[in-house]
Amino acid sequence: MKRIGLPSLSFALVMLYLFLPVAATVLYSLATEWNSTVLPEGLTGKWFAELYGDPRFLQAFGRSFLLSSLTTVAAVVIIVPAVFSIVVYAPRLERLVQLFVMLTYAVPGVIMAVGLIRTYSGSGIPMIFITAGAYLVGLLPYLYQGTRNSLLALQARSLMEAAELLGASRWQAFVRIIVPNIMSGILVSALLSFSILFGEFVLINILVGGRFETLQLYLYAKLSTSGHIASAITVTYFALMAVITGLIVKFTRRSFARKEVS
Amino acid sequence: ATETKSDATLDTSQLTLEQIVEKAKQEGEVNSVGMPDTWANWGETWGNLQKEYGLKHTDTDMSSAEELAKFEAEKEDATADIGDVGIAFGPLAKQKGLTLPYKTSYWNDIPDWAKDDEGHWVLGYTGTLAFLTDKTKVQNPPKSWADLKSGSYKIAIGDVMKANQAQFAVLAAAYAHGGDEKNIQPGVDFFADLAKNKRLSTSDPSLANLEKGEIEVAIVWDFNALGYRDKIDKNRFDVIIPEEASVSSGYATLINKYAKHPHAAMLAREYILSDAGQSNLARGYARPIRANAKLDESAKAKLLPEEMYKNARPVGDLNAWEETAKKLPQLWQEQVLIHVR
Amino acid sequence: MSYVQIEHLSKTFHGQNVLKQLELAIEKGELVTLLGPSGCGKSTLLRILSGLTAPDTGTIYIDGKDVTDVSPKNREIGMVFQSYALFPNLTVSQNIAFGLEMNKIPKADIRQRVQEMIELVGLTGKEQNYPRELSGGQQQRVALARSLVTRPKVLLLDEPLSALDAQIRKNLQKQLRTIQRELNMTTVLVTHDQEEAMAVSDRIYIMNGGRIVQHGSPHEIYTQPRSEFVARFIGNYNVLTAEQLNRIAPDLAAPAAERFAIRPETFREQRMAAEDIRLTGNIAHVTMLGNVTRYELNIGEVPVLVDSLHLSYEPEQAGATKTLYLCPKDVIPLYDTIA
Amino acid sequence: MKRFVSMLLVTTIPFFAMIALFLLVPLLSMIGGSFQAEGDGGFTFSHYREIFANPYYLQAFENSVLISLLSSLIGIVAAVFATYAITRFPQSLQQRVLVITNLTSNFAGIPLAFAFIVLLGNSGLFVLLAKQLGIDFGQSFTLYSWSGLTLVYIYFQLPLAVMLLYPLYHAIQKQWMEAAELLGASPWNFWLRIGFPVLLPGIVGTFSILFANAMGAYASAYALTGSNYNLVPIRIGALVSGDIFARPELGSALAVLLGLTLAAALLVNEWLTRKIRRDLS
Amino acid sequence: MSYVQIEHLSKTFHGQNVLKQLELAIEKGELVTLLGPSGCGKSTLLRILSGLTAPDTGTIYIDGKDVTDVSPKNREIGMVFQSYALFPNLTVSQNIAFGLEMNKIPKADIRQRVQEMIELVGLTGKEQNYPRELSGGQQQRVALARSLVTRPKVLLLDEPLSALDAQIRKNLQKQLRTIQRELNMTTVLVTHDQEEAMAVSDRIYIMNGGRIVQHGSPHEIYTQPRSEFVARFIGNYNVLTAEQLNRIAPDLAAPAAERFAIRPETFREQRMAAEDIRLTGNIAHVTMLGNVTRYELNIGEVPVLVDSLHLSYEPEQAGATKTLYLCPKDVIPLYDTIA
């Protein structure tokens, strides 16, 4: 790119905007005192030391990771094929799905939680599964839009036709032809989903609570101890997420290895 | 959970303390809501219960309304045995039939305003609204409502729409200016005045915000104020109970009617009201409800001097306050927040 | 009943009638060609045959069975799409192997058959390329290879060679014909190349405006067009009104018809038979078409196209006068209207 | 078409089951609740009547819609350009940028609000810095107002928009750009006439999600301004999850109205899309 | 310097050399055709000319100016892409009008010029259709119309008529030629249809493996191929070794060369000149190609193709013996290697 166009400029601005609060958090997690000066009065690693001394942190992180990743995988498996077949074969149903997408935002967490407890307590299903179910629905918007946006880029219909004529079942055609082509889109929305689940607090707190302390529960508990430690948690969890998502991207890319469509 | 289903009509008055202890030990665990380790030093209490009676414990922190909603929604499938709610929620929980009544051995030591006749709820500790001042921001910490009025700093009271603590701050101001729970207007006027002068801060007086220096003066429960002060920096903050008037209120324990571990929950309430339990609370800066509790020295040292509390009083007419509290959010919005923006 | 039989087929897009009560019958192992002007419904017909598009009305039988509602996968049909529809995420060999893998052919067989096909269509060296790294003609050849390799019972080819140069096209025509005969594949070929149609087909169907207007062997179609449309479409027939014919050949005893067709290559420079009629005209224009030289003559003010072989001596130039002979039986009366 | 039923069925049955179990159930319970009288649980319209009679609640809707529209618009516009820039990067770099962007979507609620407080609060980095430089923007801007809220909203809209828009850009075939360029179109012309219209359905869908996301956002807003700024989710939160008297039925009624607002927004979006893209039959 | 001049052009994809030091010169107002086998680099060359692909080395001059680094938009070039690249969200008329709008032509003019174009390419009635509602040939015609309507100085056409039937193709060839002459547009046409190349070009460039291997007027190229490649590629030349030639025509005094080319249509059924050589062979195969009948003959065990016009009497059948005459100057010695 020879000249700085609007896209590059807005990219730079967006990145800066996204970066600043992260930087602030990092700084705060390393600050000794920072309450009336522009920059921290001093730097220290004690907050991190204090944090890493607490085994609850890693346990909580592990629980969050487990819950988020399993739920994300389940959501991808349930939602992506459904969105695909609706977009390609029954576009009329799309409006309905879009309505559901909007409604997922209309039910506030507390109300959702109470409704779910009322319905499913006593059913014998562990609440953690109910929570996961609610998460599936919560991921619908991201996976729906991500999948749909990738499908728009593909001549999905004619590729399916070609594959079927060659003897592939719809399912095979979907897995062998469509999925690899929309993989980058699915991956991106799955990552997004994963991150969003990682940050969820209200549902897990009311539905399951302290018996399954996730990172967010831990974070909220720590907020009443020290803002520095809470920041250290956020920073650590960012770093871990960076490593994990980086690995996921790398791994998934390899297993679906193909040269990218330009 | 394979324990025997708790009988909704379990008659707790027939049980002796020994029986309760024994059954609680069998139950082996107790699950609470809204009673996290860091709040009012509950952590130590749970630790003691574990040590002395082998009760395992988990807590899920949530607001009072959420606690009741959870009790109500879960019914027999209860996951919480005991909860700690703002005083107003005690009668409400009783009215909704969510509670198991239990009067502890210390029942008579507890002032009447702080307990339900039938034992559905009972306060474990009280809080009184205090002024918390960041001395790095404000040179002369206010000692009275009059000081507040004449100062030049911003004052944070938190969320009047939602938080118990903030609503009581308005009530305290009303007391100080000739109003009461039936006539909240003087309190509202006081803050409206501050707002007009751009002196009402909208930040939440939370630990992190205080630590960051967002807040100059906050009106918070004394136990919160002391806790924040000690956690951040003992020398940075000043805590006082305003001279003219303040409100005391407290938090009540509720035992879930459908508790899976009802005896453990009863034992927990018993312990909380015991001298040891009350000392634990005091170490968490909460003022024990039992005036006659024998506190150990380390606990006493954590509290503000008794004489500061001479003008603090509990809410006289809870029903009137309930009515007022319902109207308060809108009054606040219309008469105070309107000057904030 | 024929192997592939189509009855009363209609299809409408947005109120526009694209196929109109179309009838078609193809015998087992036959290669038929669909010829017709752009937009006449050829691709639509193939898509309906393969089951990708549902017809509005009509029935399709394959091998005696009504397959109108059978899914494409179960019709054992191979197809080359006009737009190729290659899989962008698969390499050339993976694209070609796809159909075999779906049919659970053993790995070793697949490798061999794919390799054979790649050689057949001349893509050796491009096995690992992705479709977007291929030229237009190379993509088309992958599409052809992909459909041939599965040896379907019915093969539908929608302009499978249109992006190829004459040399490779002729080569592939020959190969295609050989394979098709060997495997006895019933084949429908859509092409706009009349020479190709003539060269490879058992039968030709001429389509126009959603209908079949004539069908028959290549020779039949070429020498006996039934309508002006077919006469003009196939070859470069001179279509003359009775009046015009009379003007250029007053001596000819023509049958009673309104229009007549004369192929440009039937005019001869020498008299070959006694009944031949002699014509004289002015050369208006000369075009060299490769092996053929095409003259535009004015014979009695009527413009007439005349083809002659492109010989080594220089063609006559515009302005010169040319004398030609015409055999009366090369004048074909047309009975149908334009259709 | 009969033949398409099998795949459609297999894939959508679990999908709709999921929706029914975990969305419709709580939704119905919410709708039911909104018609229940407090205390005795009898049927009543009184909650809706109360909401419509009280300008306070109506103002909450007004504020919510405004702030959501504004933050979604800014978010989508910035993301449309920024994402385009990303798609121009080399492949490996694209992945890295996306991972980084995605990380910031972890940032929400209290930690996000707190980070903004560190930057822009009363003793925030930039506020103090500005003061040292002699600028007092404390007068024109405070984080604890609607402008601060909008900043925070934009923050969580951006990564969402970028992540959702990213796959969409593959829909633009390079050859269209080339053809347009040869026909004399500037890049601007191309995007205006071809690129943007082609992307439009995807952009609008994404916008709908941003809008809904903002309308429903609670944690970040609450962490920043408590209940001081009158928003629908904050009102609902105060009614159902506070330390003061809970009125879950009234909260449900508000949530039902929130849902209707979102559905209406969806319809408007779709109608607009169809006006612009007439080729989408 | 020619109007369009290309020097030392090279382009490599993934280490594969697609264009090799290619040189090309086109005069103003000329229509030149690029002919070459699939994958030889024709589309790549056009893309480099238009500026869409950057060359690895080499310089491009248009109208005397070095435009190698000029952006496509500023080259005033029109192009039809092999894959059409129609804008999916615009109707037929909007697609065609796009270039005019970009050039700020007044609205009324646009309407008129678009309407003219639509009539020219025969898409009347499809004005409001979107590309995906068109047949393959219709799409191609929109692409052609879109590039013609802006009247660019240089027009690049990548197989612009490949999806069309002969009738409309010939019509459009003629129209294209007329417009091109009228506006004096310098035009490069890529086609795989040799007849088309012959019919419309001022000059033909034959490409092979990334190089221009021969260029000249259609007649030159057709009658004087310089290499076996050109001889085989253009037309259906019989390419014979000296030994084979000697076998079929022992009497011929051939010049010293290793290979010889003989066009199939130069064999005649009558002796026309004294020096003609008489040959006799067995018919192995007969193909009817429309106006031409192609015989595969064995003359002294050497297979030879012979074309004759398709006359009304039945062609001779396989197995029969055929006597032919060959003029010695129709035997062309080939000097280059395959290239």
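Think of it as A, B, C, D and E in the order they're written, each chain with its own count starting at 1.
Note that in this section a residue touches a chain if its C-beta (ideal position, glycine included) is under 8 Å from a C-beta of that chain, and two chains touch if they have at least 3 such contacts.
As the structure is a computational prediction, the values presented were derived from the model and not from experiment.
The set of chains touching subunit A and also touching subunit E is given as C, D. Hopping across touching chains, the smallest step count from subunit B to subunit D is 1. More C-beta pairs touch across one of A-D and A-B than the other; that pair is A-D.
Separating the CA-averaged centres of subunit A and subunit B is a span of 36 Å.
Work out the mean CA point of subunit A and of subunit C, and you get 55 Å between them. Rounded to whole angstrom, the centroid-to-centroid distance between subunit C and subunit E, based on C-alpha atoms, equals 20 Å.
Per-chain CA centroids place subunit B at a distance of 90 Å from subunit C.
The set of subunit A residues that touch two or more partner chains comprises 28, 34-36, 110, 114, 118, 220, 223, 227, 230, 261-262. Multi-chain contact residues, meaning those touching two or more other chains, occur in subunit E at positions 83. Multi-chain contact residues of subunit D (touching two or more other chains) are listed as 1, 110, 114, 118, 123, 237, 240-241, 248. By the touch criterion given at the top, residues 62-66, 68-69, 86, 88, 92, 154, 158-165, 167, 201-204, 208-209, 212-214, 322, 325-326, 329-330, 333-334, 337, 340-341 of subunit B touch subunit D in their complex.
On the subunit D side of its complex with subunit B, the touching residues are 54, 56, 110, 114, 117-118, 121-123, 144-146, 223, 225-228, 230, 234-235, 237-238, 240-246, 248.
Within the complex, the subunit D residues that touch subunit A are 1, 4, 6-8, 10-12, 14-16, 18-19, 21-23, 25-30, 33, 78-79, 81-82, 84-86, 88, 91, 95, 97-112, 114-116, 118-119, 123, 125, 128-129, 132, 154-155, 158-160, 162-171, 174, 187, 201-202, 205-206, 208-209, 212-213, 215-216, 218-219, 233, 236-237, 240-241, 248, 251-252, 255-256, 258-259, 262-263, 265-266, 270.
Note for the complex: subunit D touches subunit E at residues 173, 175-176, 178-186, 189, 193-194, 197-198, 277, 279.
Residue ranges on subunit E touching subunit D, taken from their complex, read 50, 52, 71-73, 77-79, 81, 83, 85-91, 98-99, 101-103, 130, 146-147, 150.
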